[in-house]
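Pasting in a structure now, in structure tokens, and then I'll have a few things to ask.
All chains are identified by letter, namely A, B, C and D, in their written order; residue positions are counted from 1 within each chain.
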Amino acid sequence: MKPSVPAAPALDALPAVRPDRVPLMLLPVLVLAALPLTGSLSTWVTLTFAGLAMGMIIFIIASGLTLVFGLMDVLNFGHGVFITLGAFLATAVLGRMTGWTESESLTRNLAAVLPAMLAAVVVAGLVGLAFERLIIRPVYGQPLKQIMITMGGMIVGVELIKVVWGPQAIPLPLPAAFRGSFLFGEAAVEKYRLIAVVVGLAVFGAMSWVLGRTKVGLLIRAGVQDREMVESLGYRIGRLFVGVFVAGSALAGLGGVMWGLYQQSVTPEMGGQINVLLFIVIIIGGMGSVGGCFIGALLVGLISNYAGFLAPKVALFSNILLMVAVLLWRPQGLYSVVKR
Amino acid sequence: MTFALETKELTIRFGGHTAVDAVSCGFAPGSLTAIVGPNGAGKTTYFNLISGQLKATAGRVLLHGEDISGSSAAQRSHRGIGRAFQLTNLFPNLSVLENIRLAVQSRAGLGLNLWSIWNSHRELIGRAEEVLETVALTAKRDMAAAALPHGDQRKLEVGILMALEPDVFMFDEPTAGMSVDEVPVILDLIRALKARRDKTILLVEHKMDVVRELADRIIVLHNGALVADGDPASVIASPIVQEAYLGVEVAK
Amino acid sequence: MILHRLFSGDFPRSRVLLVMLLAIVAGLVLTPFIFPGAKALNVAAKACIFIVLVASFDLLLGYTGIVSFAHTMFFGIGAYGVAIALSHFGPTWAGVAAGVAAALAVSLVLSLVIGLFSLRVKALFYAMITLAVATAFQTLASQLSELTGGEDGLTFKVPELLSPGFSLSEHPFLGVSLDGRLISFYLLIAATVVLFLLMLRIVNSPFGRVLQAIRENEFRAEALGYRTVVYRTLSNVLSAAFATLAGALLALWLRYNGPDTSLSFEIMIDILLMVVIGGMGTLYGSVLGATLFILVQNYLQDLMKFASEGLGKVPLLRDLVHPDRWLLWLGILFVLSVYRFPTGIVGKLRTAARKS
Amino acid sequence: MSTPLLKLEAVHTHIGAYHILHGVDLEVAHGELTVLLGRNGAGKTTTLRTIMGLWHPSAGRVLFDGEDLGALGTPEIAHRGISYVPENMGIFAELTVAENMLLAARGAKRPEDIDPKRLEWVFGLFPALKRFWQHPAGLLSGGQKQMVAVARAIIEPRKLLLIDEPSKGLAPAIIQNMVEAFRELKRTDTTILLVEQNFNFARQLGDRVAVMDDGRVVHAGTMAALAGDEGLQQQLLGLSLAAHQ
């Protein structure tokens, strides 16, 4: 009898690698489409920068959340508490250094802000370590319990923040040299927004480097696809996951400092409020995709600002509308993460 | 003759892989057909296409001559296709009786009744108790399904199928993993069912002595395609079966 | 036999639980006579409303295994329905009926849309989507200020029978004046009992049994011939309807509604805590959970104040037992519940009763 | 037989509520290729996963070089010198072939760090790998993926290889390539435990054979004995219908 299996395929019949760049194109398309709508070039520049700055901060906060989900199928509904923690730590550090923050010298300002960021990153990271151990580890693989327990973790976390800093809002003024705007022709771009864009790009760059060029990054990308195989190759995925969780919490802490300075005031509830925004961003990006998260965050930031100028009432719902539109187009989000 | 169940050119592809490849086969009312083939031949996938857990890429499924290709798994269940699963698939924290009772309730079409009290339907419970008796699980009626030993879980799986009273029974390796002394209970049930000659039975089974004893007819699947079909004696004579089971002869 | 029909054959099945439930019912019913004062009456009324709300959430979470964060949205719709109708049409019973009917219709459509759109996806995704939708709805409610009164909310008059000015008799009965508040309170109790028993019936109906089967093994339920999307959506709709009715009761009792009273995310968190601590999938858990929570919320603070003052000199400890930090302790209890006793207080009591 | 490299003693494994292995006894000797045969659901894959620590035995012992692996985690077991090719091959589809290989080379930080001699040897076994070195592994054909999976398991010398059905779904030409590769591998004195359904494939490679059914090993012996005894084959491999002719 003839073999019923087909002959071996020709070895060089391999499809070319074609990365999906369509979602990436959304950004320039959106930015350009907004130009005629806003009416003036200077307004457009201002709004675009505001949107990019907001998007970058959201990205810093959301990247850890989406990565943790991609790696471990754990969605931390309590992620927001690390944002709040970072922001309150900033008030504590900067509040003690008013002499330096009120100085006109950029060096002195930075000497105050950098320790605040460092404190936020370190403490949020450490709390993340405890959070993973106490809250998340016992409920791996049980989505229902995970949702509830991380929510519970957030309640306790927020209450503890209230114990330390009190329940009321605390002002977080920008250091003197960060205030005001640069003028590009007629367009005014707030200095702090420029800083936010730079920090955001730096985080994105660092993250891309770690994920794309280092062995740890390789392990993370492999772990997102097949956890068991990574373990079978001899790597402790549990440790890797803790590392990613801690890094994600630390980034949320950093994002909290940035967000607090952006809002110039912090409240214990801020984390919970941003949570919704974060979920929208990672749903848009495709759960688990860092690149998608980056694009999603910038889209959300830009659209919020354009819509806020063009149709303030619509702006309140622009994120939801964006999410619905993206999901109708790509039900898995911009970049779906393939799992075995 | 109208077949009780018939598949026409039934095909499913996953990516580039054709798991079931244009299988056309009719099953006569009252017959017992064994489906054999090696691991990965597509037997369970073929079952999934018939019972509606998977949607075919191409081809049709006919039940009593009527096209049911577009129906969901739930609708096919209502129309009389009953399926027992290869891997035991129960409601783990519900009691043994409740597992069966839910099947009886589905059969009675009472699922959307919001107003009556479930245990006021004595007839459903009675029927469930009867089924428990036939699969020899009466003594364990109040245990949680997950707490049963493996063999009893297999019996419960078959019991759920009995309770649905389908026209077409599909058994996917009903005796897998059962200890030797438990196997006869299941085989007796299938034997009794066959003796009634009013139900159509499809059986995937690896134990060839079981197949030889029970089947009216054997079909062989290999790499998703139907490669042999006939009464046990002629299929047995076919060299294709040897090949299917031992693998493609490779040059030495 | 009557009891069997009334309780749909689903009894507490634990003597301790039975005693606790009887105590709660007696306590609530007799509140006006044994705990004088407006605060006690308010607390009891709130407990009743939350029993209905939490039970309706349990229908979804405990029985069907769906985590939704949009439950307070339906609660809010009910409250706004009554509030908007009564402020526009004046304090008439027809207004109440119109408000409730409109609210139910809105809830029906919304829950149907959310259900059909997203119940096919994973639990996590559903939780996230409902959270986003609920947030958007909250924003919408405060933006449509001409209709909803915005952040300030709506204060309105209720039909005369229910208003404080109404008096049934000039003579107080057992020292309690028979005014509209008292009538409102007992109507509220009656509504709570009816709605609770109705839900108890639903979860013990053949339909309710299918919901539990879906929670256990959705794939198998579908293979048995139950179209799970239909059941899950129906469960979503029913749960939303009962939450809407609870919202209507809230508005009638408070004669006020605003975003913080019925829509806020804090309430969502509260009912999540109540249902888990009380016991998911038991319905009786909602009675225990809601009552306990409301009592803690309103009275534990006094106790904590006392402790806090006693610890005046110990800084951190003093802050931990500060009266405003009661949620901290319930949060910890919640986290422990999810780990240690996922069936909550009711589950614990029933297990204990079975063993003895 | 000298002390076996791997020895399973009455191993029971539960997956959730399900009791899958009912006391597996198995020995794999140094330097030999042992084939694990048996029908679908007999417990072959579960046996490999239990050795690898992906499931934990509920009773019995898994001895490797005299050490009980029972309580160890999968990464620790891998570090003892065992590599594993699962049934689904465990290819990281979105990573390149080079990155897939790099992950298996524990000491290497970049693909260039992989021992070039060893790499050339592997390329010699599977030339397709060299050609598609920089391509995402997900784009390869099934046979090529299987080559990556096997290559990954041997890119560093290991004491024991566990391989689950490498011939599954492969074209005869590719299977032949696999047979050659395994023969070459045997010359390097690597111990291999191979799960197979394809008896003709297994027959060409196996020194020893164990047949499983219902979660137990029901037959163990040399491949030569089984290959020479058609009656035994039919009895063990579910072909007893053929005996009826």
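Basically, a contact is a pair of C-beta atoms (placed from the backbone, for glycine too) under 8 Å apart; a residue touches a chain by one contact, two chains touch by 3 or more.
Keep in mind that what you see is a predicted model, and the values were worked out from it rather than measured.
Undergrad: Going by C-alpha centres, which chain is most central here?
TA: Looking at where each chain's C-alpha mean falls, the closest to the middle is A.
Undergrad: In terms of CA centroid distance, which chain is the most far removed from chain D?
TA: Between chain D and the rest, the longest centre separation is with C.
Undergrad: Using the average of all C-alpha atoms in each chain as its centre, how far is it in Å between chain A and chain C?
TA: 35
Undergrad: Please tell me the distance, in whole Å, between the geometric centres of chain B and chain D computed from their C-alpha atoms.
TA: 32
Undergrad: Please compute the C-alpha centroid of chain B, do the same for chain C, then give the distance between them in whole Å.
TA: Averaging C-alpha atoms per chain gives centres 45 Å apart.
Undergrad: How many Å are there between the centre of chain A and the centre of chain D, using C-alpha atoms for each centre?
TA: Chain centres of chain A and chain D, defined by C-alpha means, are spaced 42 Å apart.
Undergrad: Residues touching two or more other chains, restricted to chain B: which are they?
TA: Chain B, residues with two or more chain partners: 92, 223, 248.
Undergrad: Name the residues of chain C that each touch 2 or more other chains.
TA: Residues of chain C never touch two or more of the other chains.
Undergrad: Can you pull out the residues of chain A that are in contact with at least two other chains?
TA: Where chain A meets two or more other chains at a single residue, that happens at 3, 5.
Undergrad: For the complex, give me every residue of chain B touching chain C.
TA: Those residues of chain B that touch chain C are 51, 53, 72-75, 77-78, 83, 85, 89-94, 98, 101-103, 105-107, 110-121, 160, 164.
Undergrad: Which residues of chain C touch chain B in their complex?
TA: So the residues of chain C touching chain B come out as 4-5, 8-9, 201-202, 204-210, 212-213, 216-217, 219-228, 230-231, 234.
Undergrad: Along chain A, where are the residues that touch chain D in the complex?
TA: It comes out as residues 3, 5-9, 11-15, 17, 214-215, 218-219, 221-222, 225-226, 228-237, 338, 340.
Undergrad: Taking the complex as given, what residues does chain D use to touch chain B?
TA: 16-20, 39-41, 142, 165, 167-169, 172, 175-176, 179, 197-202, 204, 214-215, 233, 237-242, 244-245
Undergrad: Considering the complex alone, what residue numbers of chain B touch chain D?
TA: Touch list, chain B to chain D: 17, 38-40, 86-88, 92, 146-147, 149-150, 153, 173, 176-179, 206-209, 211-212, 223, 232-233, 235-237, 241-242, 245-252.
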